[in-house]
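Next come two complexes built around chain A: one with chain B, the other with chain C.
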Partner chain A sequence: MTSRVMAEFDLLLPYSVSEAVTLLASHGDKAAVLAGGTDLLVALKFDYAVENIISLAQVPGLDKLTYDPEGGLTIGARVTLVDILKSADVKEHYPALWQAAKVFATPQLRNTATVLGNILRASPAGDCSLALYALGGTLTLESASGRREVDLDDFWLSYGVTARKNDELAIALQVPAPQAGQKSAFRRMTRVTEDLSKLNAAVCLQMDGDKCLSARVAMGCVGPTLVRLPKVEKILRQAGITPDLLQEISDTVASEIAPIDDIRSSADYRLKVAGVLVKRVIMLALNGGNDQ
Partner chain B sequence: MEDLKVVGKRVERVDVRAKVTGGALYAADVQLAGMLYGKIVRCYDHAHARVTSLDLSEAAKCKGVIKVLGPKDVTQKEYNASVLDMMVSADMRGVLGDIDDQSIFTDHVKHYGDAIAAVIATSEEAAERAAEKIRVTYEELPVYMTAEAAKHPDALQFRPEKPGNLAFQLPEMAFPDNAYAWGDVEDSFAGADIIVEDSFYVPKQKQCQMEPGTYIALYDDQKRLNCWTSTQMPKLVQKKLANLFELPMTRVRINITVIGGGFGARLGMVLEPETCALAMAVPGRPVKLLSTREEDWVTSPSRHPGKYWMKMGFKKDGTPVACDARFENYKGAYYVDASGTAFTTGAWLGGMYKFDSLRYRGESYYTNQSICGAFRGYGNPQTNFVMEQMVDRGCAELGVDPIEWRRKWHKTIGDDGWCIGVPYNSCALDECLDRASAAIGWTEKRAKYKNQTGTVRRGIGVAVMNHTSGAMPMLLEHTVCDVLMHQDATVTINLACSDMGQGSHTTLRQVAAETLGFPYEDVHMSVGDTDAAGFDIGAHASRTLYVGGGAVKQACEDVRRQLFDRAALELEEDVGNLYMEDKIIHVKGSSNKSISVQTIADQGVNNFMNPETGELIGQPGQIQGYASFFPPHNAPPFGATIAEVEVDMETGEVRVIELVNAHDVGRAIHPGVVEGQLDGGAQQGLGMVLTEETYYDDKGICLNNNFTDYKMFGPSDMPKMTNILVENPDPTGPFGAKGVGEAGIVPPVGATANAIFNAIGIQILEAPITPEKILKALAEKEKGLS
Partner chain C sequence: MKKHAITLTVNGEERDLIVSSNRTLLDALRDDLGFTDTKYGCGTGECGACTVLVDGTTSINGCLTLAATMDGRSITTAAGLAHDGALHPVQQAFIDNDAIQCGFCIPGMVLKTISILADNPRPTEDEIRHGLEGSICRCTGYAKIVEAVQDASHRMAGVGE
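Entry: the complex of A and B
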């Protein structure tokens, strides 16, 4: 049951990353980081209480979204969904991420919600997280004792739980530069247009002409965390993408996922259509973002 | 009707500026000196339980707490939040058997969210913190979520006076054999060549009005109970509160705040009793009660869900010989509108087609769901989902075109309407069907979609509906209107009709200006204070323009008559020789003999005596018009919707591509207002048929009383939509107008279901028609074939 009244907390406003990590070091598990707040405020109005909220609003340098053909894409901790949508580089080189941002939430939400907030929330339905999972990336975490990097593949541990320690601030996500022939796409299924996903899928294919050299295929809403589909990735490796191959993939998907019944859909339905969704997201990647 | 100056024009709505700029004062915006805040403690652990202990002591000690109230600290009187008992005559009241079975706080929890106790404190925060300290223990009771469960012989009885948990069935006294019926269905079925029959489920849809319930009450130093509320029914709520707190009506005052949407959710009382009970406990201090969305969800009524069985028989040539139906609704924890909807659901069925015989049975069973009551359409969307699918199944078996069949067999002028014995007096449904069919290209598309094999298949479907404008003669439709002519010849209209956002204050003002022959700007609407306004039954049943407009028209005619009488006296002419133009009354054929309305109005108040002689000038006194208006009929609106959809055979997903709504509106007093009603109605209709349902777990805990998991159609889900307004003036409506408030929600329900049937060849019997259900049905069909 939500409340019109939030639990009391102190709002801390650091003016630099070092101030922020100092605050995190002293408050530890009694603090939460506030980026766009679109997850955190929902939780606070529900039943979540925390003594300190450390806002990133005044921390400079975290809002950078940069692309470099060699080094790839860097997404700062305060980069919003609207920033992603406005970036021609993202649209061209990381279509999966752009497509996820495009259907994400509502215009108001996209103005404030951040990409890193989506990753840190560790929801098994996270749309941008899923696109980035397929694209691959490394998260930079900083604490008073230094920086470390964590591969997204190792970041989500279980429902809502990540490898981040509670004195760490996520600074940025690094996504590798695409190689020639890289194609990616994202697709989701919802109950109505503006909704959380009931099933989502993203792929990143390294293509050489009609042949797929390697692939990363990820799905959401089919387990406690986002998952990759190793069998499907294996089928795609060094394979020509034919209707028969797509059918084989479609038939394989169900064996790699463990969805549950919930209010958004049923396990049975998800098992039935997951293969269709994966098949379609592959087609979408190959068609450069155009359906059919 | 020729030469209308204000009626039919898209004038600026009276509420639009305040709403767009944020200036509109909703109840939540009202701040009064010394305001206190209430918080109700509700049971969210069980849907059915008995309170075994209630400990208020810790809460009472909390900072800022003024009072803590349990069931014994407030009136013990039971009530019924619905106002239906006040809409019918005393004889009918007895027949209906409505009972009072709600109390302010309860020790017998009957649904998730039932109210146990409350805190009054100096701030919302303090009230909520203290409420968390109230300790309640419960003894769990078995939970009955459906009619089937509630009628089981071993089921616990909700009310001793309603055995078998049957809250209502059509009473034998008024409905022999407990049925709304004509002819002999058994006989008629015996002569049928084709019989179709099935059992459907219709969902527990919620109004989802934007403003969650917020109320303020003050028991003042005059011992008057004041309540600020956005109710749809100020005058009936005034009386209901007077009854509940045993006060004369002069000591109960309702102040209507801007209403943030109603759709039936505010038809009758919602949390007015609780708020007033809190205020009575702290005389002299206003108490504000703000609901969260989740709380609003479980305290205001929903649409009646339930099982709806129907059987139809046809002759080979298409003649509809018989229709038999039964709607068993899952009423919820309290009686509220148990009788009304159970009856009207069948009334709409009876009002549609020329069956030789028809029998409808409607039953309301108590369940441990939250209450059901009024919701836009009042049973009509449920009937549309079932009736229109059954007709299309019949048409498929007969091999006839669904539009052709409907054109031939729908009821029309002279046939009994939704109320047996009250014939229709106007009907333009044929024109609706013709124009909708032409607009969407029905014939070509129907042919084109016949033999599809692809992954994505299209379908096109139609549905029709009949509705009402007010509920005469079933309910005592009545509005009182005063028109006050100021000295400067502008007027104030005073009445209790509420505007829930449907635009009624704008259209009523148009009716007033047109009748008076004054500019729109010269008319002001004064509404919302029950001290000042006379009776009005309230905004329900698409009646505000039809009945309220009738009252405004009659009261303005009264003003006009008085003006002409005075002019005749002044000009020494027969009234019949006078006419008015630009607020000047002229003598026909005599260009220099005239008097302005301004002069008459001024004379009556400021200038009625010669100061030297003491002689009266003209006719002294301020002009005031009055009407206590009862409509002669219920001006039936008709409508047709054609929907085109696309179904994904691999995922079961449905995309609505286009909707054409053609409605027989009598006359569009304000075309933009009518279109707004049809757009919004269609949006809710599509939600009901495709996505909206309240889900409970097996313990009766509601799983989606919030917008995260209750999914309505939003603007981005809406298809291309065309509204065709068929204007065929009704002989009894003001300027020919019929009600349009509810009609828009109804036929999109059946039309969309039929379009899906057309696309995939399967009828989905349970609404909402989700992708999950479609895929399952497709798989079952496949299995059946292989």
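Entry: the complex of A and C
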């Protein structure tokens, strides 16, 4: 099938963000950024080739994961999945993200794979991307001409394609501080634990007692990008969350997704179980992470 | 293709080498430095045969790491675990529990065990199984491998008490 030998490229190792951005400006579409490399190296061993690889390994200042009750969570470009798992702040304030990190890949990969790499890969199955889509966030991109911010809602354009321009380096993701009564959760379904998701769902609800004031509900593996479920979000906002309402939500999900047949599952199966998965992830959020 | 002069500290010893841009850490260890205890299984991060420890106890896949990005780092392979002729307690526990069949996965399993126990000296069986994800044993001797990890945990706690 494949020799699994990487195509040739020049590895560039900048020592600062400004040096990295200058390299991106001069190499543009002939360069790829390397963070953890868990997607990029696999791609290079299969069918991808590029002239230059710009590694972030020696770039200082990108490994910060900070939480501030007012400002929220800042995830730097070199923050790994294991950094997320080890953060008590993430576990307490952003359970959806923590739960996604917990089941993500394998220990070795969690030690190297970055959160931002997952977002930049723009996979419709990305686990922590999905959790962050539900939680909401803004990505900071830097190029030689300056910085700009892009809302995650506008970032994933199609399969593997993002709003990032060729000469831009993703610096950090900013996740808003949790609102009063905020509850979030993530769940996925896989064939075996190490596999990529065949279906995943994440929610972020702002609750006032049993009334839902606002909701973000996101699903993966049901289209070319991660998707939000606006009808489900609207139903959630109408009334107290009762078993009847959850049933109505469950029945609505299939009308908002367009899964395909692939090696992990059939479209039919995904359509049948997606509603149940969304119902369960809502219950998980309401139970504060207890899977009952 | 660009080449890079790098220094790796492998099993406590500094090694200078020159690697091509696309050289993986795994190939540098095996083919340039002779650490053939680190194995090549899948090449794509799934099997864990290529596992090494970075800076003491962090497990990574050598097959998905570019050697030139590891300049100045310290790497431990299974060959570096024995001290003064005595095996590391994790290695001895694998032998004493008959956890080794063909042996191909074992360097990775042993290193993963060290990283699990460094984080969590008394793991439950569930925690051990979750921690060993990413290391596949083709001989499927998982029950004995889990027992070996439990035994190693007792032995190492004993040493510290």
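The rule is short, and it goes like this: the second predicted complex is superposed on the first by the 289 of 292 C-alpha atoms of A that agree within 3 Å, B and C clash if a C-alpha of one lies under 4 Å from a C-alpha of the other, contacts with A are read in each partner's own complex, and residues count from 1 in each chain.
Please note the rule applied: contacts are C-beta pairs under 8 Å (C-beta built on N, C-alpha and C of every residue); 3 or more make two chains touch, one makes a residue touch a chain.
Keep in mind the model is a prediction, meaning the values are calculated, not measured.
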Comparing the two partners chain B and chain C, which touches a greater set of residues in chain A: C
Partner chain(s) touched by A:Thr38 [first = chain B, second = chain C, both, neither]: second
Touched partner set for A:Ser55, first chain B, second chain C, both or neither: second
Which superposed partner A:Asn290 touches (first chain B, second chain C, both, neither): neither
Which superposed partner A:Phe9 touches (first chain B, second chain C, both, neither): second
Chain B versus chain C as contact partner of A:Leu109, first or second or both or neither: second
Which of chain B and chain C A:Lys272 touches, first, second, both or neither: first
Touching partner for A:Glu194 - first (chain B), second (chain C), both, neither: both
Residues of chain A contacting chain B in one complex and chain C in the other: 4, 193-194
Touch list for chain A against partner chain C, complex: 4, 6-13, 34, 37-38, 41-42, 44-45, 53, 55, 57-58, 105-109, 111-112, 193-194
Interface residues, chain A side, partner chain B - complex: 1-5, 189, 191-196, 263-266, 268-269, 272-273, 276-277
Parts of chain B lying in touch with chain A, wherever the complex brings them together: 44, 124-125, 128-129, 290, 292-295, 650-653, 691, 695, 703-704, 706, 708-709, 711-714, 716-717, 770-772, 775, 779
Contacting residues of chain C [partner chain A, same complex]: 1-2, 4, 20-22, 24, 42-46, 48, 51, 54, 58-61, 63-66, 68-71, 112, 115-116, 131, 133-135
